[in-house]
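Chain IDs A, B, C, D, E, F, G, H, I, J, K and L follow the sequence of writing; residue 1 opens each chain.
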Amino acid sequence: MNEHTYKHIELTGSSTTSSDDAIRNAIAQASKTVRNLHWFEVTETRGHIADGKVAHWQVTLKVGFTLEG
Amino acid sequence: MNEHTYKHIELTGSSTTSSDDAIRNAIAQASKTVRNLHWFEVTETRGHIADGKVAHWQVTLKVGFTLEG
Amino acid sequence: MNEHTYKHIELTGSSTTSSDDAIRNAIAQASKTVRNLHWFEVTETRGHIADGKVAHWQVTLKVGFTLEG
Amino acid sequence: MNEHTYKHIELTGSSTTSSDDAIRNAIAQASKTVRNLHWFEVTETRGHIADGKVAHWQVTLKVGFTLEG
Amino acid sequence: MNEHTYKHIELTGSSTTSSDDAIRNAIAQASKTVRNLHWFEVTETRGHIADGKVAHWQVTLKVGFTLEG
Amino acid sequence: MNEHTYKHIELTGSSTTSSDDAIRNAIAQASKTVRNLHWFEVTETRGHIADGKVAHWQVTLKVGFTLEG
Amino acid sequence: MNEHTYKHIELTGSSTTSSDDAIRNAIAQASKTVRNLHWFEVTETRGHIADGKVAHWQVTLKVGFTLEG
Amino acid sequence: MNEHTYKHIELTGSSTTSSDDAIRNAIAQASKTVRNLHWFEVTETRGHIADGKVAHWQVTLKVGFTLEG
Amino acid sequence: MNEHTYKHIELTGSSTTSSDDAIRNAIAQASKTVRNLHWFEVTETRGHIADGKVAHWQVTLKVGFTLEG
Amino acid sequence: MNEHTYKHIELTGSSTTSSDDAIRNAIAQASKTVRNLHWFEVTETRGHIADGKVAHWQVTLKVGFTLEG
Amino acid sequence: MNEHTYKHIELTGSSTTSSDDAIRNAIAQASKTVRNLHWFEVTETRGHIADGKVAHWQVTLKVGFTLEG
Amino acid sequence: MNEHTYKHIELTGSSTTSSDDAIRNAIAQASKTVRNLHWFEVTETRGHIADGKVAHWQVTLKVGFTLEG
């Protein structure tokens, strides 16, 4: 809420279960190395198909975090 | 299906549970005051992150309803 | 991974349950008549509203498959 | 032309006759309840098909009007 | 309104008369070979010019129809 | 069809009658000073409203013509 | 931060001074009648020209506010 | 140039050589089964990377052809 | 407000001072050679950076003017 | 790098050889009559097809040049 | 101007004063850790509202810099 | 193909030779410091002009790689 600067990175998470889970996986993975994750925005929802079923959900998101000065 | 006029409003629903739930919450809230809600279209899916997890799903949608003449 | 040519078709799947299910239904239906479905990409998420609730989720997707030469 | 503030609303008009008529119908309907309508901009042109013919033209437009201070 | 799957095709209709007529022509032509046409959405309006006049209106539209299962 | 170069200009035509007429007016006006007009593409359809009616249709189009070498 | 629903309205503010001032004017005008304004997003920056100078800046913005349940 | 109706299909061609070649391959493959191919428009240029080099160029294009009545 | 035709040109103005000033500079420059400038619309805001500061603001705008018949 | 104003024009170059060549042709043609061409940006890549091959590559580009004051 | 490769990062700067200042703040902050910043491009202008006033301007920009090889 | 997370970076490669070469140069440069590069997608094709010729091709691409967990 102050005069922070934020940086955005773009990630694709994947999941065999659901589109929401692909988002959760990307955020969990990013939080291992980046502190201060604040928000995300979905930019693309895709997936791979095998045997007439969704084999992997793949969701691309921008994730924003505070740059520490 | 007749020569109706429809109006669209834009809402953001939120949920701690899922992206679909954020949509359901926005529609439930809008239906308290607007009659004749007909359809919706998702325009943005975002969320807040806390402790490396999705704290809130926030989905923006356009909602259309019949204007009564 | 070779010099294949892919064709894309655009479908809208629907579901009374969830947005992910509307995607699964479209892919299951397409796989009845098209072989070699490879991937999908969501282009629109909409739905019908009845009684202040989501009556049908309707998700439009592009689906790609290998053209056999 | 002064320091007015304008508000925009989004409407879909329909017509069995033509796309222009769908626009005219939306504006006529809106002008029953909103004063000072100034301009419109078409954002989408769609329609329903029945028996291989256009049954209804449906045109979505943004309509702007002066907020009175 | 049930759990149908819809397919979309993209067509360009042309007319020497008007932009609406180019749409009607595309739909009439498509309905010769595709049953269950439901809706259309205009994606592009173009035309050819000859002698300082519109020689042909060319309107591109997506047309949706029910896939029969 | 040869190795021509084309130039595009952007115009807004207006008409009190119809959206198609606004396009015809822009092309007629441009053809007074530019030779070899070939095609047009609509980029925006707007209009002014007066007394709850469309006072002027305003259609913006790109117009292409052959550069003479 | 809770399970609120937000509504967005679209406004155009104008100013003879600057583009930022056009935004400030739209927000000041909206806050006379709407409580709980939270954020804005600029969607278009335009203006009128007179005598080779900017006569009016006109900035269109979406403004979001909390729906009270 | 007459009142033809055109249909568009979307393809992705691939090539190990160049982006133009991926386009040529898609068109050559499509022309095996579709007559009257008229034009194409590139909508996406992607590729796979292996060992720090472009392994495959993949170009997506819309291809238009005349519907025979 | 009559059946005028307008032409649009696209310019990039630059300024060492501010983004609004880059717009004012482009319009002042254009008004030296084009009469009847009516309106502008910003399409891009960029700039050059030197020594960690904005060295030049560069704003691209469409400018519309009346074609005299 | 000073407070220059730039103007952009939109051209389509064509070539029977390659997409890059269509760009080179458009720039060569434009440089016959416009001085100070600075940069280009591709906005569309299309082409004509004959006998299952690319007959003409057609690339549309914006070209920017310095306005001399 | 040589065969450099550039990398782009996306930042959001904020300011209580003006939209231009939010850009300046983001660039100042980035230049603490990244050398060779060359240009920026604004992709979004937003802000927070408090008490009917702009509390924070938040401008998102892409910033490009030279990769040193 | 497993539950990997991918990260995307945006680069601009340049070349005096061709647009494809600008892409190859960006990927070669990125592969010096980033392992597991998987795919790219072109987002912009630009260039500098000198003496009526393309002096530098500049192609912007997103490049995706696997995040190692």
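Quick note on the criterion: a contact is a pair of C-beta atoms (placed from the backbone, for glycine too) under 8 Å apart; a residue touches a chain by one contact, two chains touch by 3 or more.
Everything quoted here is computed from the prediction, not taken from an experiment.
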Pick from H-J, A-L or A-K: which pair repeats the contacts of I-K, with over half of them the same residue pairs?
-> H-J
Among the chains, which one keeps its Cα centre farthest from the Cα centre of subunit E?
-> K
Rotation in the CA alignment of subunit A with subunit D, degrees, nearest 5 | 120
Would you kindly tell me how far, in whole Å, the mean C-alpha position of subunit J lies from that of subunit D?
-> 38
CA centroids of subunit E and subunit H: separation to the nearest Å works out as 22
Centre-of-Cα separation between subunit K and subunit B, whole angstrom | 32
Can you tell me which residues of subunit F touch two or more of the remaining chains?
-> 19-20, 30, 32, 48
What are all the touching pairs of chains?
-> A-B, A-C, A-K, A-L, B-C, B-D, B-G, C-E, C-H, D-E, D-F, D-G, E-F, E-H, F-I, F-J, G-I, G-K, H-J, H-L, I-J, I-K, J-L, K-L
Name, in rising order, each residue of subunit C that touches subunit B in their complex.
-> 18-19, 44-49, 51-54, 57
Which bits of subunit F are touching subunit E when the two form their complex?
-> 19-20, 23-24, 27-28, 30-32, 37-42, 63
Contacts from subunit C onto subunit H in the complex sit at residues 1-8, 62, 64, 67, 69
Which residues, counting only subunit H, touch subunit C once they are in their complex?
-> 9-16, 25-26, 29-30, 32, 48, 56, 60
